[in-house]
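In the two complexes that follow, chain A is the common piece, with chain B as its partner first and chain C second.
Showing the complex of A and B:
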């Protein structure tokens, strides 16, 4: 089902229509749809079947990380259909496990690949709020910057954030995330930042070389400074039925409804009452989905009160000390059981409750996508307050590897407002060590540090403050 | 709630019981579990299950998560068609 009426977003009916074939059936799509979003709109949530048990599989993350959306497209198995755009006449098939190797009536001739090399002063990996901000500052101060992102549209998670930001005016308060993304992307273009979208970085090699895949070609990037701002992936939760199609991450839900204009469900259960859970619940209501309840294992609501109150006023109950016990269904979610928890977070027998929903949204935290830092041999430490394994970094966002910087959620899970500040700080620090420092740069850095400090004061910033302190104290080896 | 059949690694269809059995056999890090039962070796490379497995090991052995979860991520970070790395030209042949 498509969203036809939305208070903020507009999905025009007169977009170009495309058709493709799914398991022998003709499917209608709009130009710009991914294969998975078009299939969801047509009511197909089970995309493939699992390797050994042949269980139904459908996507969880919708950003190319969970790999549960892999299907056979035009004879090629293991295509991530959440990222792959629909093209007219495509033939898409469900695959079993790893799929089958394509047999072609052609002879294959292999040859040594010539790898093009791109040399830049500053390479930025990830074009979300942090990466865009880093590239802008680097370019503004005269560095030749290259911005790489694996997605078709740059902006990272901002492209699906329909809510208005908090904070002060300089942190884009009262501006919607989607509009911030557009503004930052425009600034990048004005400053002649070279933008490589649809370009996945697949490896880091010393010193400051990146391997990337662009349009099915290998690309080598040699940079003097590298800033990695590649974000995070969503946490999974263990419960019976957690692998059923219809169990989504909060980001996956946002992608479906706010990027593609597809209704993710009719009735949904939200798991997690932190800011993401509560904000996405409200966005679901705006899209016309019935949010049956929000369950939260902790005894208190983690989200800002203004967000939580807004949701409760709309009639969605937030059940604290509650968790999901089970999701069930044949091909996808058909219902769930929730259960009350005691003060030791154990299930209370007899407190089970059945809910009639056709989807579950998990908003149970994010995990920094720190893979490239592990490859670079950076000092890492596991810090629960920052979301998982994070890279050690100093006041300039520089890691234990000289010339390699970090910014945004991959430096520790926080908000987009702080990601933008961290990105600017990393961009300025990189350009400063590349060229020379100026009083202007030093003043800006000082202002940004004060801004970050302001965002992290108060009770909501406490976790981040503790995490940052732990990270700093883990000395770089 | 976790049951024996709850799927932990969805790429490789590894259940909670599979993970617990491996721990009972002496595996005590995410990397050992991966080598023993392939959990985290599928196309998502442990992005979905790595943390869950670390939590299970931590609960069962009493070791802190930081000690049991030391991932190594070799390039390529995501699935890449072989033709990109090998360089291939398709040539029409008579059959």
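Showing the complex of A and C:
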């Protein structure tokens, strides 16, 4: 089902139509759809099967991280259908097991291919709020910058944030996330930042060489400074039935409804009453989905009161000290059981309640995507307040590897507003060490640090303040 | 512990209300933003400087209810959709409530609606007085409702009523 009447977004009905074949059936899609979004719109939520037990699988993340949407596309197995755009006449098949290439060469032939090399001054990995901001600052101060992102559209998570942001004017307060993404992308283009979308960075090699995959070919990027702002991935929660199609991550749901205009469900249960949980619940209501309830295991709501209040007055209750016990269904979610928890977070027997829903959304936190830093040999620490393993960095966002910088959620889970500031700080620091420092750069850096400090004051910034302190105290040597 | 931390529902004691006299003089805003969060557009947008956030950006906005004339600009510009207006100068029976609204379809002037309180419960019926959505409101609409006067501080949402003679729209 498609969203037709949305208060914030516009999904015109006269978009170009495409058709492709899925398991022998003709499927109608709109131009810009991914294979997975078109299949969802046509009512198919089961995309693959687990390798050993052949249990049904649907996508969880919709950003190419969970790999439970892999299918055979035009004869090529293991294609992440959540990222792959639909093309006219494509042949898509469900895949059993590992998948095989249909044609095998008779003789093993190895070709010596010349790997293309790109040389830049500053390479930025990840085109979300942090990466875009970093590239903008680097380019503004005269560096040749390259921005790499594995997604088709740049903007990271901003492209699905329909709500107005908090902060002050300098942090794009009261501008909707989607519009901030557009503005930052425009600035990048104006500043002649080279943009490589659909390009996954798969490795970091000393000193400052990146391996990337672009159009199924290896690409080498040689940079003088590297800024990694590759974000985070969503946490899973363990409960019976959590692998059923119809159990989505909050970001995956947002992608479906706010990027592709597809109704993700009719009735849904939200798990987690942090900011993401309640904001996405509200966005689900705006898309026309019935959010039956929000369950939160903690005794109190973690989200800002204003976000919680605007959801609750629409009739969606937030049930604190409650959790999901089970999701059930044959091919996808057909219902859930929730349960009340006591003060020790244990299930209270007999308090189970059945809810009639066809989907579950998990908003139970994020985990920094720190793999590239591990590979680069950076000093890492496990800091729960920042979401998991984070890379040590100094006040300039530089890691323990000289010339390698970090920004955004991968430096510690926070808000997009602070990600933009961290990105700018990393971009300025990189350009400063590349060229020469100026009083203008120094003043800007000081302002940004003050801005970050301001965002982190107050009770909601406490976790970040503790996390940052722990990270700083970890010795980089 | 405050109840709103458990269920998201604010109590009238949780925030500052304009006095009865002020409400009876005409339209005035109510800000239902009780936590220290980093946000200040309301204080920047107010043309009469009636809203101030002193010191840190995380401080709670303070309203000078005498300066406020209820123009409503802040209502559509609050990222938390946490500002409302009330007007009790319209007689003994009815009062007017202003609500930010981000759903489709928009109601029309004259529509009968079910009136909903902070907890999401239907507590009465009213009518839509005016629907504003200029470009500067950036897709947030400002809806003015006429509500029974005793509910003037309770109503925070509405839904088109199904019973009374609303025209059916596809």
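Note that in this section the second predicted complex is superposed on the first by the 469 of 477 C-alpha atoms of A that agree within 3 Å, B and C clash if a C-alpha of one lies under 4 Å from a C-alpha of the other, contacts with A are read in each partner's own complex, and residues count from 1 in each chain.
Note that in this section a contact is a pair of C-beta atoms (placed from the backbone, for glycine too) under 8 Å apart; a residue touches a chain by one contact, two chains touch by 3 or more.
Bear in mind the structure is a predicted one, so any value in this text is a computation, not a measurement.
Undergrad: Please work out whether A:78 is in contact with chain B alone, chain C alone, both, or neither, and reply first, second, both or neither.
TA: It touches chain B, and chain C stays clear.
Undergrad: Does chain B (first) or chain C (second) touch A:239, or do both, or does neither?
TA: After superposing on A, A:239 lies in contact with chain B but is clear of chain C.
Undergrad: Answer with first, second, both or neither: which of chain B and chain C does A:388 touch in the superposed model?
TA: In the superposition, A:388 touches chain B alone.
Undergrad: Decide which partner touches more residues of chain A, taking chain B and chain C as the two options.
TA: Looking at chain B versus chain C, the one contacting more residues of chain A is B.
Undergrad: Once chain A of both complexes is superposed, is A:284 in touch with chain B (first), chain C (second), both, or neither?
TA: neither
Undergrad: Mind working out whether A:67 is in touch with chain B, chain C, both or neither, as first, second, both or neither?
TA: Touch partner of A:67: chain B, not chain C.
Undergrad: For A:176, select first, second, both or neither according to whether it touches chain B, chain C, the two together, or no partner.
TA: second
Undergrad: Check the residue A:367 against both partner chains and state whether it touches chain B (first), chain C (second), both, or neither.
TA: In the superposition, A:367 touches chain B alone.
Undergrad: Which partner does A:203 reach: the first (chain B), the second (chain C), both, or neither?
TA: The answer is first: A:203 touches chain B but not chain C.
Undergrad: Hey, which residues of chain B end up touching chain A in the complex?
TA: 1-3, 5-8, 10-13, 16, 42-44, 47-49, 51-52, 55, 64-66, 69, 71-81, 83-93, 95
Undergrad: Touching chain C in the complex: which residues of chain A?
TA: 5-8, 163-169, 171, 173-176, 278, 285-286, 299-301, 304-318, 320, 417, 454-461
Undergrad: What part of chain C is in contact with chain A in the complex they form?
TA: Against chain A, chain C makes touches at 1, 4-10, 32-41, 44-45, 56-58, 77-82, 102-105, 116-120, 138-140, 156-157.
Undergrad: Using the touch definition up top, name the residues of chain A that touch chain B in the complex.
TA: 50-53, 55, 57, 60, 64-68, 70, 76, 78, 80, 104-114, 150, 200-205, 211, 213, 216-218, 233, 235-236, 238-240, 242-243, 323, 325-326, 339, 347, 367, 369, 371-372, 374-375, 381-382, 384, 388-389
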